[in-house]
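Note that chain A is present in both complexes that follow, paired respectively with chain B and with chain C.
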Partner chain A sequence: MGIRVAESRRSGIRTPTVVGLAVGVVGIFAVFAVRALTPALGKWSLPNQLQDLLTLSISVIVESLPFVILGILLSIIVQVWIPDRWIMRILPANPILRRGVISFLGIFLPVCECGNVPLARGLIVKGFTVSESMTFLLAAPILNPITIITTGQAFGFDSWVFVARLVGGFVIANVIGWLFSKHPDQDSLLTDRFAAECRMPDPHEHGETRWKKSIELFTRESGVIMPALFIGSLVAGLVQVAVPRAVLLNLGSNPVWSILAMMVLAFVISVCSNVDSFFILPFASTFMPGSISVFLVFGPIIDIKMLTLMRTTFTAKVLVQLTVVVALLSALIGLVVNYVA
Partner chain B sequence: MWRSVRRWQGIVLVVAALVSTVWLAVTNQLILYIHPRYIVFTVIMAVLGLVLVVASFVSKPDHDHDEPPKRWRAVLSITATVVTLAVAVGLVVVPPATLTTATANQRVINSTGVGAGTQNVSSAASAPAGTFAKFTVLDWSSLLRQTSDASFYQNKAADVTGFITSDKSDPDNVFYVSRFVITCCAVDAQPIGVPVYLPNWRSSFSADEWVRVKGEFDTNPSRTSQESIALVPSDTTKVDQPSDPYLY
Partner chain C sequence: MTHTSTEAEERLGRSPFRRALAVTIAVLVVLVAAFAGLNYLQGPKLSSATIDASSAVAKAGQQLRLFANQNISAVKKSQVTITPAAPFSVNSSGEIIAVQFGTRLSYDTQYRVTVKSVTSLYQDRPQTFRYSFTTAKAQFYYLDRADPTAGGDQLDSIVRTGLSGGRGTVVYSAPHIQEFVVFPQLIAVATLGDDKTGSLSLVSLSGGPVEQVALPGSGTIGRLEASPDAGMLGFLFTGAGPSGSYSSDLMLVDLTGTHVVQPVLGLDSRPLGVADWQFLSGSTSFVAQTFDQTVLLIDAKKPGSSVPLGQYAELGRSSPDGKTLIVSDVFGKIAYSLADGKETRLPALPIAGAGSFGGDLELLGSGNARVQQVAVFDTSGGNSYRSYLVYEQGTTSRILFQTANGKGSIDGFSVSPNGQYVAVNVVPDVASSVSDGYFVNPKSTSITTVFIDIATGNLVRSVAGFDESW
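Up next, the complex of A and B:
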């Protein structure tokens, strides 16, 4: 009897699996065929602005995609393959020290900011508090080897901009972590959907293999992250087409306005923290060093693409508070650098 | 039901993005969107992603953990789904293209110091004559930023290729041979350009067209243009867009 049940269950799984695989693979080839054949139909004469909107949005997607995949992969490794005690044991028990150490996790998990979102989600599921994962999310894009090297190469390892970026990133991430750790109900900082996911005793404990858990996590995370990435990229493209750059550039030499202009630029451009130093370097001749620091501190934490991605995990209220506090703190850092440099 | 919509939306978007990425890489068009240095990393992650997608077709989904959303949330979700699918269709169907003059004008040509140190006036002054024919729009715009002394440009023949963007201060007689300079991806593209004095250029050319201009730099004859030095062409021809339209 037991054997018969097992057999019927096995064959019940096998049929849809094969069909699913066949449909999926054919689907992939169909998309590939459409992509390969449509250029033969000739150029679309879209209006320039619409064409550029599409090019810019696709550019954000293509640039972020490898980091998102890498982030999801690392999140899978952390959630499924690394034993709980490994991560938890090396962290100090004192909450402030703990967040201090967490700020440097990015050195071992060097993912760009968009890849950090799935990773931070994974860390919450793994047992991090919400405020701890926020500290990681905000610090890791700045305190990681690639960003440190590119920033140093662009501005010099002994420059004010370099120091302001690293120290500023650390301070902001820890202040934010400390502020949100004071919230009495940590779960209420999360979206209902994600909080429900975290509350499950072990969401994947259905007697599955680790491989199956990993695949299941990949599907679930791409279901959450990809729509956010697409919408974030489209909005980032729209704003770029709509806001004339000259408006921002004219504000460059004023110590206060240039800081605001750089925040707006960082918010709009949504460029990856690993390379944003090279992007902003040409602006260094027209903008004050404090405002360049603001771009490099504020940009990796808050921009259009990041807010849409973070919205998968945190409530809108939390994101507004986060944006305001990060903006004020980075403006303060910028003013200090403008004063001393 | 709700969960499977979410699940399939994610898979569809991942497939659209990954397949397009691989196709762009195979046809050498990924450089229209990102800097060449990221191509290897991007392709490796795209292939890994596709392997995971195929594996997900084999895996049977978990039982349903999600509650169906409330009404207004459902409307929002459906709108978001439609928007993301529209972008996905754009990604898969519309032929890849470079940025156009719309972005060049919006970001203002030569407005940042990009490429300011690409060429140096003193070393260029003593360079052998053949060097200048190889100078790109970026090299010349770098020199133009440093000196407007017309004598410096004498006997230095230029041969540059770029797309046409009109000069706002004298749109009928002066245009820029322009290119975008990229540090990471098309999002951060900075337009740069070399002013060309060609009276009534619109009679034979139009904005966004790719041209190859040969000639020498001299004091700009235009009365209204704000550019003091301009390329006075001896020969201007339409050309196809190069396969690597951006400069780095």
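Up next, the complex of A and C:
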């Protein structure tokens, strides 16, 4: 099945895609034209809740899109342009040490969590085990220079929140990596479609140029990731409109309930790890440091948008297991910080 | 990466993963439950606190803010104790307890604040918050003029030092320093030139360049005053020579702006000539006494805001909170309330049963406790007066300082911003005193400043110099 999909994609840009693009462009121009030609209709606007939904969804997309594209580009570089031996040689043979080093790959590939999904997919194709790829996927959004600097700037480099986020991100990524490394059939953790893509023969070995393969990969990854991003952002916007934020904030100062409130908030908001510190900073005066830490640890790994994106790669069962363990680990980190801070 | 295992193999093969997953989840659930319980039982904790240790000794009303790690129930004053005792009020909101001190705190003193029975909004687990802080050490600047008899190009120096001793640090040296005032980041220094005209320099305390302030012309500077909190500087300016266009006119410089000298205008829109003036503490307002003895209250930021307070023989100092002004009439000193114009007489109290004549005085707070320079007729040494510096409160008086053998004189005094110490400028022996000969603000070459603890009357430090600025 995977090979058939790949063959159909390899035939170049299909006619329906061009038609769809044309329809979209014409449609947008038509909307502007209608609005320009009918000023007499006066002011007209969408209902408030619909406006909120559009604003919230689009803001998540705008925030994530550059990183998704950057992630796809980095993924292409890793898959096509960097020789296998370069990456594999620098990684230790010991699985625990290997995952420990992989946790810090984000230092050199600084994209937020949504950009890490295509990158993690690329690393699997390149030869990483699924558990190693998971370790990278979970650690890189937190252990990367942009996130480290923004978190430090927002909360102070000597704050509990800063330490809890970095240490927590590392611990969670490695516990998850260790846990799924126990799985004897790593392929079964992947969706059928992605597993099939992984089994595809390398076109470069069959005379295909690297540039052509890069373009193909970009088209294919964009086709998989972009719809997930848009759907995830829309769902995140929908939930935010439906659940009043005040309900969550009222729980802010309870050492136990605030943990749960922040996990729910992080799950719903789906804000990128590179900017989430400044998003949550105004809440720091209301919420306890452990709760803020939970938001910053749990959010980059598990939220609506990320689950949608990860669903392109992992099975639903894996995502449920992942979510349960990450939620418990995050809650534990938050409770420990609340207790000692 | 291929699916090669059979279903049976999968079931068998996945068991280590399932076992690891189950154990991990079970352990995590136990740990989460345990820490949730610990958090619930712990109650609120003090996570941090803030106070400006320097401002706490300089101004009343400074706040110690205690930050709990969670929202807390309202805290009452009865829950709070402060050692050593200081008047305070308490407010709490959210996770913050704000302890506001009613007076300025003592220098270099450790204060211990205890808040008992602090409870969270969510559970009734009372906790005690304890926090201690140490206030800033006393620091002052003084002017050490060169000995004119030493010859050569001796420089006058402005020295920064503390009450614990040591030589101090020379922050600026120049020939013929007339007077100076201190701001947080700079000092403004008036110097005299060889032609007896003055100049005004702004000297950075962090080692930056010296800025010369352009005066309205050639002339002399007098009564240099500062309002550090408002970033304003002022002085009286008299133009040089018979054609001088200014005569003891009040000039202001806004150091938060362009540093341009601006004359204060009177009701006739001409520069306001005054006999004396001073800023009110911590504000842009000042009081000035014109040559017809009218005392005016003026806000430098509000042109045309001049309010006449009345006519008095003398304009004295203002209280630390800037709400009371000391003035004099022929019957003695008066505390004038700037809020309602109420006048309270402050008669000089007897010294050891002998009647005294009140001189310059400074209020120590919002009440009538004060330090005053008084003169008492000396019945033992002929027809002369002896100078004392006394602490007066209510009907009691206590001598803080008197010159040895009655030979010296008290040239002036100033009280530290927190009312803890008084600095007394003393000429030890008037008969043998030699003037430094400065055209403006001449002083005896033997002038010394002694620092006295007002509470105990103990002398804590002396320096060879004057014009101390706290």
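Note that the second predicted complex is superposed on the first by the 292 of 341 C-alpha atoms of A that agree within 3 Å, B and C clash if a C-alpha of one lies under 4 Å from a C-alpha of the other, contacts with A are read in each partner's own complex, and residues count from 1 in each chain.
Operating definition for what follows: a residue touches a chain if its C-beta (ideal position, glycine included) is under 8 Å from a C-beta of that chain, and two chains touch if they have at least 3 such contacts.
Note that the coordinates shown come from a computational prediction; the quantities given were computed from them, not determined experimentally.
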{"item": "Which of chain B and chain C A:Phe278 touches, first, second, both or neither", "value": "first"}
{"item": "Broader residue contact with chain A after superposition on the shared chain, chain B or chain C", "value": "B"}
{"item": "First, second, both or neither for A:Gly156, with chain B first and chain C second", "value": "neither"}
{"item": "Touched partner set for A:Pro92, first chain B, second chain C, both or neither", "value": "neither"}
{"item": "Touching partner for A:Pro145 - first (chain B), second (chain C), both, neither", "value": "neither"}
{"item": "Which of chain B and chain C A:Thr286 touches, first, second, both or neither", "value": "both"}
{"item": "Chain B versus chain C as contact partner of A:Leu73, first or second or both or neither", "value": "first"}
{"item": "Overlapping contact positions on chain A, where the chain C interface meets the chain B interface", "value": "285-286"}
{"item": "Chain A to chain C touching residues, read off their complex", "value": "175, 179-180, 182-188, 195, 198-199, 252-257, 285-286, 288-289, 321, 324-325, 328-329, 331-332, 335-336, 338-339, 341"}
{"item": "Residue numbers on chain B that touch chain A, as the complex places them", "value": "6-7, 9-11, 13-24, 30, 32-35, 38, 41-42, 44-46, 48-50, 52-62, 65-67, 80-81, 83-84, 87-88, 90-103, 106-108, 111-116, 183-188, 190, 208"}
{"item": "Residue ranges of chain C touching chain A (in the complex, touch as defined)", "value": "1-3, 5, 10, 13-14, 16-17, 20-21, 24-25, 28-29, 31-32, 35-36, 38-40, 42, 47, 69-71, 94-95, 120-122"}
{"item": "List of chain A residues in touch with chain B within their complex", "value": "13, 16-17, 20-21, 23-25, 27-28, 31-32, 34-36, 38-39, 43-44, 46, 48-49, 51-52, 54-63, 65-67, 69-70, 73, 193, 196-197, 200, 203-204, 206, 212, 215-216, 218-227, 229-231, 233-234, 236, 240-241, 244-246, 249, 269-272, 275-276, 278-279, 282-286"}
